[in-house]
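Once you scroll down, you'll see the structures, which are given as structure tokens.
Both complexes below contain chain A, partnered by chain B and then by chain C.
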Partner chain A sequence: MLALGAAALLAAGLPFWSTDQYQVHLASLICCYWVLIAGLNLVVGYSGQLSIGHVGLLSIGAYTFAILSGKWGLPPFVSVGVAGALCGFCGLLLGLPSLRLPGFYFAMATMAFALIVGEFALAQGDLTGGGVGLPVPSFPAPFDTPVGFYYLAVLGAVVVSVLTWNVARQMYGRGLIAIRDNPVTAQAVGVPVFRAKLTTFVFSGMTAGVGGALFGSLQSYITPDTFHFELSLFFFVCIIIGGRGSIVGPFLGVAVLTALPEVVAPLAKLGNFFYGLLLLLVVLVVPEGIGRVFELIAQRLRPRNSASVPVAPDLPRLAKAIAAIRAVPGEHPLSARVVTKQFGAVVALDQVSLELRPGEIHGLIGPNGSGKTTLLNLLSGYYQPSSGAIQLRGEELGQASVRRRAQLGVARTFQKPRLLGTLSVLNNVVLGAWTHVEPGFLSTALGLPRVARLDRVLTDQAAELLHGVGLSHAIERRANLLEHAEQRFLEIARGLAMRPSFILLDEPAGGLSNDEIEHLGDIIRTIREAGIGVLLVEHHTDFVFRVCDRVTTLDVGRMIRHGHPEDVRTDPEVIRVYLGA
Partner chain B sequence: MDMAQSRSYPPRSERPSERLLEVRDLRVAYGKAEVVHGVSFDVRAGEFVVMLGRNGAGKSTILHAISGLVPKRDGTVLFAGKDLSRVPPRETVLAGIVQVLEGHRIFQTLTVEDNLLIGTYARAPRGDRSKLDRVYAMFPEMAERRHQLASRLSGGQQQILAVAQGVIGDPQLLILDEPSGGLAPLVIDRILEVAAQLCAAGLAILLVEQLVEKALRHANFVYLIETGRVAAADTADAMREGDLVRRVYLGGGGHDS
Partner chain C sequence: MWMVIVSGLAIGALFAATALSYNVMYSTSKVLSVTTGHIAMLGGVFGAYAITALGQPWWLGLIAAIVVGGLFGWLTDVIAIRRVLARSDEHLWLLSTLALATMVQQAVGLWWGTEPKPFPRLIPQDFSAGIADQKFWLPIALAGVMALGLEFFYRRTMYGKLFLAMSEDAFAARARGVSTDRIRVASYVIAGALGGLAGFAAGQLTFAYFALGLTLTLNGFIALAVGGLGSNLGALIGGLTLGLLNTFASYLFGGEYQQTIAVGLLMVVLLVRPEGLLGAQQIRPV
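Showing the complex of A and B:
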């Protein structure tokens, strides 16, 4: 925030210490670009959707402004608003079909869009002036001088910065990063993946429209050539070398990349050479972008103790932390009734029933490939049963999505921990509370106090959970720096932050040493005492028989034994197919 | 039930004299943080060596350094008299070291059989089909699924495939990094049994494992790793009888690390 203030002050003072009109023009240009790029940054840098077609939206914004206020005589500020709204709508039309496409196909779709817009502008001569182009009117006084316009552009840049800053730093931003780094996790905690991607994309369309209007006015005359495709790549490159998941980084990216070719202008033709050299340097030296440099410096200034500490849960604190966020435990079970799951001709699960009761630890064991994870995926909604029913509180869950089940209180962990490596441990856990905020883009962007307050409360609750599972020492650490056991415990904490009625653990003891398994057992028992139902898929059978209240055994998709741990352990069939002598 | 099963291949009281793998003063660092601080150990010809230690003690890093998967800050790795200290991973495979990484790392988009053939790649870039039968005999569940995509296997089956992919490469030294991950008890027993059989046939085994009792059942010699150093080294018999393992590793002490 301090940095932002300093930047704003510096920007405001520019016309006073610089007498060079060209520098003011250049600074205005940076601000116009930034209005677009700040919005695009949420799409590319946060939600990870590779749009390279934003020049199309920029040109629609510029033409809309030129036509409305120049030809039709609408007030300029009304025209800017219309340009923003129209480009938001174009973003919606473009995003609806294409945001479902994976990675590079989405990039292709946006590129195609940009090319179509260019051809359209060329073909519709009556409206756009065709290849001859259009004059773009300037804004009314006091914004009709270069310095006046500059302040207008700075204002636009500041507004967009604040909006995206608010989004990035709160729950919505965590959700976007989850979509980028691990869509499965995003689903698991209940982020509406497609809707969030689309909303962000529409927002980026609106900022592109406003940016386009400002840009057009600054250029004072536009032709289809003004919006060449390289400009689109330029926007994209600014974000990538600025650093994904950062706001300051891409801003520096656009500032440097816009100014650089001009600063070295005396070397005329070498401008592009330096531009290329800088790109190469950034990619080779700081592949994570300029934004990462600041993080590294901050780490250097505040060295943290990153020594390896054995994980030691604080159980009373954990119990308290769970109780603080949980409503009255329910009484109804989560159940699978005679479910069958087929993949093509392969029957992975054959008429299996299982009832997971609140406040009970239910073990699920069986040979490899017997269908344990398949059953877990059916309960958590990643698969739909071929026949049979999944019920919660007596209600049929049917085709309910993963997100819907997260809302209903079904949390899970994964065989291989699925964490968001670039976020802090704390933020990973806070993300778990997504469904209890259901953050709206608009209310987040406007920085409403109630949203900010809720975010702080959830952060405190998440920190308590982390203290409880024994990760006090790692709260501020980047999650990709955690050791294996810490990752496992972090996933459980994230699951608990979802305030679940049921938590499904897929091999939580995998790769843990004996004393860590003891800690895990303590944690699971504490979760049970809080009234949460635990499903434990696990191969450490001693552990399973020790902590579970009931155990179900599967073999090749069928249930072979079900009941009290001691009965299952001594069952000859279970011993034959699974435990061994 | 672990103890009920007797050992099929009792450990020898003395180590063989021929040193197959010699690691001396190995240091490894990630950035500035050194995590392995001068580790020395051997695996001798035909020996079954187990490396124990807490999570984060540096075991996997040591294994990765042997295969050249992470750069070494210092130290030497000799294998069958050859200096492998500064060679790329491919050279270590050609020299006869095959490492099965933890966490069932296989090629998801290939079939089971193609995954196995890739295991023979270093010596036979077109794939050596003649080796398939022996491996299918050891792991019949892979034979049944030979034409399935590896991504369709369950997590545990993928781990079996990863081990099979290592075995088919015919190494002189087979390194297994937590092969039990995600496996059913019976399958763990079988994989360790396969390792012991290979060992009896002359192969050397270096095993990292969290399931101490199961791992010790087949081992000849044990190294205990603590915070990047060798904390103890002794025959498996001595380790089993002494309380060192329990004291340092099973949580009785050692929290001061």
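Showing the complex of A and C:
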């Protein structure tokens, strides 16, 4: 925020220390581009959707402004608003069919959109002047001089920066990064993946429309050639070079890349070849953007003490942290009733029933391929049962989405921890509380105090959970720097941040040392004491029989025994198929 | 009217050939390369360069187109795919192939010029041949031969079966001792050679034009998405449908909205049947 303020101050002073008209023009251009790129940055850099056709939206914004206020005489600022709204609407139409599909489909759809807009601009000569083009009016005084316009552009850039800054820094931004880096995790914590992608893209359409109006006015005359496809590529390259998941980086990207060809003449001639080369180098050498290089250098210069610290849970603190965020424990079980799951002709689960009660640790064991993870996926919603029912509080959940179950308080961890590697450990846990904020894009972007306050509260609660599970030493560390046991415990903390009634643990002891397994057992018992139902899928059978209240055994998709651990352990059939003598 | 149909089939055949080229690369790497259309562009440009500027016979131009296409396919793998696939981030290959495509397009623009240049006649034929003109029938014939050839390759040759194995499950193929890296490189060279050939065959229709690549990348992809990713028959159907739609739309409404109609088709298919006409249902990600 400080850097942003300094940049704004510097920008405000530019006309005083620079007498060169052209420099003011260039700075205005950078601001116009930034209005678009800041919005696009949320799409490309945060939600990870590659829109390579944003120039189409820029073009619509500029033409709308030129036609409405130039030809039809609407007040300029009204026209800017209409341009933004229209481009947002175009974003909606474009994103609706394509954002559900793999990334390449979306990229191609946006590229096609840019080409269509060019075609329309040429074909609708009456409106757009066809190939000849259209003059674009300037803004009314005091914005009608180059310096006046410059201040307007700076204002636009600052407003958009603040909006995107607010989004990026709070729950919504964490959700977007989850969508980018790990869509499965995003679903698991209840982020509405498609809706968030679409909303962000619509927002980027709106900023592109406003940016287009400003850009058109700055150019004062536009033709379809003003909006060549390569401009899209330029926007895109600015963001990728600046670094994904950053706002300052892409801003520096656009500033440098706009000014550079003006300073170094041969680069202007090479044009797109240069941008292509830059993009290729960045992707191959530092895919996280140039900013990452500085980070790495900084790390080299002052190496931080990241020696491995054994994980030591603080159980009373954990119990308090859980109690602080949970309402009264429920009384209803999460139950699977005679569920069957088939994949083609393969029956992975055959009429299995299981009842997971609040405040109980329920073990699920069986040989590999016996259907343990399938059952867990059915309970958490990644699969839908072929027949049978899954119920919670009388609600039938069989067809309900993963997100819906997250809302109802069903949390889970994964066999291979699914963390957001570029976020801090703390932010990984805060993300778990998504469904308790259900953040709206608008309220987040506007920086409402209510939203900011809630974000702070959730952050404190998440920190308490982390202290509780024994990760105090790693709270600010990037999650991809964690050791294996730390990753497992972090996933449990994230699950607890969801304030679950039930938590499903998929082989949480996998790869842990004996001491760590002891700690895990303590944590699981503490979770039980808080009234949460725990489903424990595990191969460490000693551990399962030690901590569980009840145990269910599966074999080739069938349930062979369930009941008290001691009864299951001594059951001859269980010993034959799984435990061995 | 026949003219509309035949020219639609011809341009559709070029889209289909591009889509087939996409499929060959996709089968071994699960990558949709943005350079796919640019390969065909290079075939057209280098064919024209060899014949017109260097005065070589047509068959040398043909070889030039195939070699340049294959070479560029290989380069695509070496520069934009190999290192990126090792990192297993699904976005990166889109960026790297986009970067490479941009560089190639700009380089050709600087060297060859940004105006479309005519492509020489390959077979002596009068320009008044109408619908029998070679510029229509060469790409149509080629797309047919390509589709049949690929079918033969996949079904009857050991190498082709390795491609199929990799497209089913690259991991399992490697476990059986298949050198998946070599197969992938081979697939890029083959796709490049086929793409270059397609660009050469369609040269008289499209002219030798530096910006053709992006259009073909897009339209080839639309053909593929309509027909179903991974299906060669789908690629043919999708390509021809798109070509016919293009020319009929121009015939009925004028040529200004060609791209709009193509994209409209894409959007409708994505909404109604995202997996395409003959594509496999997508499997859930967990």
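The definition used in the following text is that the second predicted complex is superposed on the first by the 545 of 581 C-alpha atoms of A that agree within 3 Å, B and C clash if a C-alpha of one lies under 4 Å from a C-alpha of the other, contacts with A are read in each partner's own complex, and residues count from 1 in each chain.
Following the convention adopted for this analysis, contacts are C-beta pairs under 8 Å (C-beta built on N, C-alpha and C of every residue); 3 or more make two chains touch, one makes a residue touch a chain.
Fair warning: this is a prediction, and the values are worked out from it, not measured in the lab.
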item: Chain touching more of chain A, residue-wise (chain B, chain C); value: C
item: Partner chain(s) touched by A:Glu119 [first = chain B, second = chain C, both, neither]; value: second
item: Partner chain in contact with A:Ser513 - chain B first, chain C second, else both or neither; value: first
item: Which of chain B and chain C A:Leu442 touches, first, second, both or neither; value: neither
item: Touching partner for A:Leu284 - first (chain B), second (chain C), both, neither; value: second
item: Which of chain B and chain C A:Pro367 touches, first, second, both or neither; value: first
item: First (chain B), second (chain C), both or neither touched by A:Ala6; value: neither
item: Which superposed partner A:Ala323 touches (first chain B, second chain C, both, neither); value: neither
item: Residues of chain A that touch chain C when the two form their complex; value: 48, 50, 52, 96-98, 100-105, 107-109, 111-113, 115-116, 119-120, 122-123, 183-184, 229-230, 233, 240, 270-273, 275-277, 279-280, 283-284, 287, 377, 382-383
item: Chain A contact footprint on chain B (complex, rising order); value: 1, 4-5, 33, 54-56, 102-103, 141, 152-157, 159-160, 178, 180-189, 210, 212, 227, 249-251, 255, 257
item: Complex contact set, residues of chain A against chain B; value: 306, 308, 310, 343, 346, 365-370, 373, 415-416, 483-485, 507, 510-516, 518, 539, 541, 577-581
item: Chain C to chain A touching residues, read off their complex; value: 32, 79-80, 83-84, 87, 89-92, 94-96, 98-103, 105-107, 110, 214-215, 218, 221-222, 225, 256-260, 262-263, 266-267, 270-271, 274, 284-286
